[in-house]
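Structures are listed in the sections that come next.
Common to both upcoming complexes is subunit A, partnered first by subunit B, then by subunit C.
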Partner chain A sequence: MFKATIDAELFKDAVDIVSVLVDESIFSTDEEVIISKAVEPANAAMVILEMKKNAFDIYESDSHELGIDLKRLSTVLDMAQRGDMVELELEDHKLKIVMGGLRYHLSLLDPSTIRKIPKVPQIQLPAKVVVDGSTIQRAIKAASTVGSYVALGVEDESFYIETEGDTDKLRFVLGKDELIDLQGDDVRSLFSLDYLRSITRSRAFGRGIVTLEIGIDYPIKISFSFADDKIRALYIVAPRVEAV
Partner chain B sequence: MKRCVICKGRGFCGRERCPILERFYVIKSLSIGDSIFGATPPSFLVGHRFYPKVYTGVLIPPEVFGEGAILFDAPDKWISMSIQDVVEYRSRLVRSNIRTHVRHVDISPMQECALSSKPLDTEAWFEKPPKLEVRFDDTLMPVGPSGNLKKLVVADNPVVPKKVDKTVSDYDLNAEKAVIELYEHGIQKEYITRLLSAGLLGIRRRLVPTRWAITATEDMVGRELIKRILDFETIDCFELFHGERFGNHFEILLIPAHYSYEIVEIWMKNTLWSSDGCVIWDGERTKPKRYSQLGGGYYAARISVLEHLYNRRRQASIFIVREVYPSYWAPLGSWVISKTVDEAMKGMPEKFDNFEDAVAKMETRLETPKHKWLKKNIIHGVLSQRTLLDY
Partner chain C sequence: METLKTFFEFAEVCERIEKESSSLVITDMVADFLKELEEEELRICPYLLMGKIFPEWMDRELGVGKSLLYNALSRASGRNETELEELLRETGDIGKVAEVAMHRRTQQTLFLGGEEKLTIVEIYKTLEKIAEASGKGSQTTKVRYLEYLFSSSSPKEARYLARLVMGEMRIKVGEGIMRDAIAKAFGKTPEEVERAYMFITDFGEVAIATKKGELDKIGITLFRPVKMMLAQISPDLEEAMKEMGTCAVEWKYDGARVQIHVGNEGVKVFSRRFEDLTKPLVDVVEEIKEVVGVEKAILDGEAVAYDKSGKPKAFQYILRRLRRKYGIEEKKEEIPIHIFLFDCLYVDGESLIDKPLKERRSKLERIVRGGKRISVATQTITGEVSVAEKVYRDALDAGHEGIMLKNLSSPYIPGRRGKHWLKHKPIMETLDLVVVGADWGKGKHAHLLSSFYLACIDENTGELLEVGKVATGPTEDELKELTNILSELIIEQKGTYVKLEPKIVFEVAYEEIQKSPNYPSGYALRFPRFVRVRDDKSPEEADNLSRIEELYRKYQ
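Coming up: the complex of A and B.
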């Protein structure tokens, strides 16, 4: 059994966290929480979405694996109006979605046809930066007009984002006093802007506070939460190393 | 000049006819009256000019019957011939045109010809004797004389494989799924293209200009194959394949990494589209992109390598360099690219442990120095990108 009711905008934001990276994902439900883990096709970026029971107005569930076509789901949710509530229910192997008089039966995908998730890398990263999501969003957007990859790092008590294109350079620096928090050592890692652009584009990203955990030529962890910490998102992106 | 390389005769400059292609509007003597009789290979063409009111027609070689007709539409056989031979075959293929709206798909008996897998004896009467000419295109095969059709009679019954018959009569199956089902069933891509072009597939059926149908088929099948190979293991080392036909040299490097595709097209000095030489490139990661600036050739090369990878159940990042020499004096269509790459992929690869050695080998066979084709491309990203599996 799976039955849940949630604010439409909130649910849209949550689905969007996963759909910026992949088209299909498994939503695993149990009595307490819905978790969706997905990795994009090149295994270079991963997302973990966690929606706690109390993010929903009504939530009753057993353990289920719901294979969701995120594009289809987003299309349905786009029809919701502000203030609508969405009722979700598992019915005959379909996800019944009811909102504002609309009744929609979304076919579920066979979970075995969805890309397997590799194990989540257990990594400890030496530096941590806490900053406004919108600031990062703007910096990444600016960087993507210049180059195709970007360096994120910490140096002299400040956090920087820099990129170099064929002709132009861009450097964006935030001192400790402009950040909400900064801890740890000097670090620097290089990332493909493709992934960072997608991640920062998600609806909820720019609205809250974001934590970045960075290492030296090591993956980055990008996390944020909303709805009073009831919905959490974590992205892990593998770095690029300067080779050729 | 770069603009000509990108346009390849599609009319971006606004001229009614491409001045480069105009050079070939020369023709051998071939006497055609106002009616012809012969077996269509079958060959069916929908033009793209004046869309949506397009010229559509069946191509018939006069006085050629039976299996002999197949050679007039057989890229598989042409690959070992010379450009002159191919042009000669095509110049003897007469196009019988009607003008119709693409949504007006009931164009029997032309559709019957398109539907058949074997040559069909046909007789065509024209309003006046067809004009003698050969037209060239970068995606399409050359097309011979054409005339406006008065009447077309098909003397044979089309031979239709069961699977094709079933798919064509399914009006609830969308075109993309239909194409993939046929492909999986081992139906040749050229045949699928013909069905798609003749408005015989999909839900809301319409005629599709042949040059669009070729690329559409290759792109649809290609994207399906990409989806599948993403789940396969990557290859173990750098593998280099090469091949050359009709003045088109290909170096195909498979990189042990996740899928991506990139092709560099080099038009040497005094080649078809460029008098002073030109380099253009395009590529993609896993996400679908807008239509490539390289035109149909981009998809033609991609599908051939994807098929190779899919048959091996392996994944790789693809890097292709195509060098075109002046000996490619007439554009023959994008089949030149897919068949040459097909052939190259059948050879034994040279194996390398690192990228530098592979590139050094490529350089020995190419006339263009590597700094011109090895710039800040996608492959650099591929080579330096780590995956989460590494941690």
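Coming up: the complex of A and C.
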């Protein structure tokens, strides 16, 4: 059994967190939480979405693995009006979606055909930056106009984003007092802008406070939460190494 | 639980085969590999080893061009596309490009070393998904799947994956070796394997049946195209008639060969290359249902296009019509098509291919009523040269190619170019050869590819062997068009020479065939002359070495 009711905008924001990276994903439900873990095709970026029971107005569920075609689900959710509630229910191997007079039966994908995420890497990262999501969003957007990859780092009590294209260079620095928090050592890692652009594009990203955990030529963890911490997002992106 | 082979193991076998030059040793290597496979692997591996993903009869394509491949490879490796293009120009080998790119990958993955290697079956299933992706957004989907495959690959796997995807495997496993290897792996004779293959033209299915000892159960199957029976050339009609005795004489129509399958599910028309021509021939197809008086049949014939005066139109026109996937309605009236049926392979559950031509023909006449666009080809039974000559002149007068002489007691031998069918045409038999390279012209032709290196296929190894260079024949306009087509296929350039992807087949005429140590084939064409592009033929269908040997002996 799976039955849940949630604010449509909130649900859209949650789904969006996964759909910026992959087209299909498994939503695992149990009595307490819905979790979706997915890795993008090149194994270079992954996402974990967690929606707690109390993010929903009504939530009753056993353990299920729902294979979701995220593009289709997003198309349906786009029909929602502000203030709509969306009712979700597992019915005859389909996800019944009811909102504002609309009834939609979404076919579920066979979970065995969706790529499972290999083990989530357990990594400790030496530096942590807490900052407004919208600031990062702006910086990544600017960097994308210059190059195809970007360095993220901490140096002299400042956080920086820098990129170099064929012709131009860009460096964006935030001092400790412009950040919400900054801890740890000097670090620097290089990332493909492809992934960072997708991640920062998600709707909820720009509205909240984001934590970046960075290492030296190591993966980055990007996390944020919303709806009073009831919905959480974590991205991990593998670095690039300097070209040889 | 069965353990499936990894793609890494497959890549290692390919690498060993690539380093080997002896066909016998390669056959053994392939046989040993096939022996170890589970059924689901055996279905796909013969084709993968031959550098193909799907058997021809499926008429199915991956739909991945170089730019998609570069895109995926670039995303998986972190190397940029310009660098990959440069690498291709240097090495001329897409496999090497992928190998180097993955070796020098700058984009790290999250699960390095932790993830299990992909199996051959997993790779194949992903390739199937790539082939299935169509319509809006499908390019991105294809790139994503490829990206996944490459990023999960070691450099060596990437080498063979890229070659597979581009259809340039470069290991010498052709149909001959595959046939022998399947026979050897499962204790049958090559002839037994060959016979089954001609019926279902799928080495995967044939290998499974051979392994299970069910080879004799394979027969002609409705809606599975059968290789067509082919004819040998006979330059001298008198001699041919002497050899044949009383035989069936038919026009050799100037059209496109078609195989028609009629069943309860409907009608399907296949080309020689097993392309599905049902849609392009929709109006004729409708008539087939009316004129064929049985429920199930497989018929062999030739589709001919006519112009307004009732003369057959050149081959190019009919192909244009057959290739059209869209706009069928609008084209229908413009190019009227007529199908002449001359053979019948199967009727209502009974295979006729082992029956003599005489019997097949009378069956054909009994089951087919003539229609507006379909009729049974006229046949003259004679032992007289003068009668055959008259048929020949009539055929030429009507604008067709010549005549066919057919042994009345011969079975239908799929895929075989035997002596039971002879064709007689006015000119010296031309050769269909693969263009493998070209030279830029000089002076006012400097911007045009002006001479072309031609190769035939060694049917045992699948290798392309050069037989000469053609520079005469094409008009200025044709040269322009050839340059347009061929410059897309340039792999590398050295001075004025360009190496080309072997995709295009030329029909070439010549004065004679000579033995020559200068060309890898051992033969050279004297005074070769370009006739036309055979865009109905794939490089695999170009003439092979033994055909050149045969013509050499014949014209000595």
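Some points to look at:
We adopt the following convention: the second predicted complex is superposed on the first by the 244 of 244 C-alpha atoms of A that agree within 3 Å, B and C clash if a C-alpha of one lies under 4 Å from a C-alpha of the other, contacts with A are read in each partner's own complex, and residues count from 1 in each chain.
Following the convention adopted for this analysis, a residue touches a chain if its C-beta (ideal position, glycine included) is under 8 Å from a C-beta of that chain, and two chains touch if they have at least 3 such contacts.
Given the structure is predicted, the values throughout are model-derived calculations rather than measurements.
On the superposed subunit A, the positions of subunit B and subunit C overlap enough to count as a clash.
Judged by the touch definition given at the top, the superposed model places A:Asp166 against subunit B, while subunit C stays out of reach. Judged by the touch definition given at the top, the superposed model places A:Thr145 against neither subunit B nor subunit C. Once chain A of one complex is fitted onto chain A of the other, the partner contacts of A:Thr75 are absent, as it touches neither subunit B nor subunit C. Once chain A of one complex is fitted onto chain A of the other, the partner contacts of A:Met46 extend to both subunit B and subunit C.
Within the superposed three-chain model, A:Ser107 lies out of touch with both subunit B and subunit C [touch as defined at top].
When both structures are laid over each other on chain A, subunit B collides with subunit C only at 527-535; the other stretches in 23-31, 293-301, 527-535 or 545-553 stay clear.
Within subunit A, the residues touching subunit B in one complex and subunit C in the other are 39, 41-46, 115, 118, 121, 148, 192, 194, 219, 236, 238-244. Those residues of subunit C whose C-beta lies close enough to touch subunit A in the complex are 75-76, 78-80, 104, 106-111, 114-115, 141, 144-145, 147-148, 150-152. Taken in their complex, subunit B has these residues touching subunit A: 230-231, 258-260, 285-286, 355, 376, 380-381, 383-391.
The residues of subunit A lying in touch with subunit C in their complex are 23, 39, 41-46, 115, 118-119, 121, 148, 192, 194, 219, 236, 238-244. Those residues of subunit A lying in contact with subunit B across their complex are 39-46, 115, 118, 121, 123, 148-149, 166, 190, 192, 194, 218-219, 236, 238-244.
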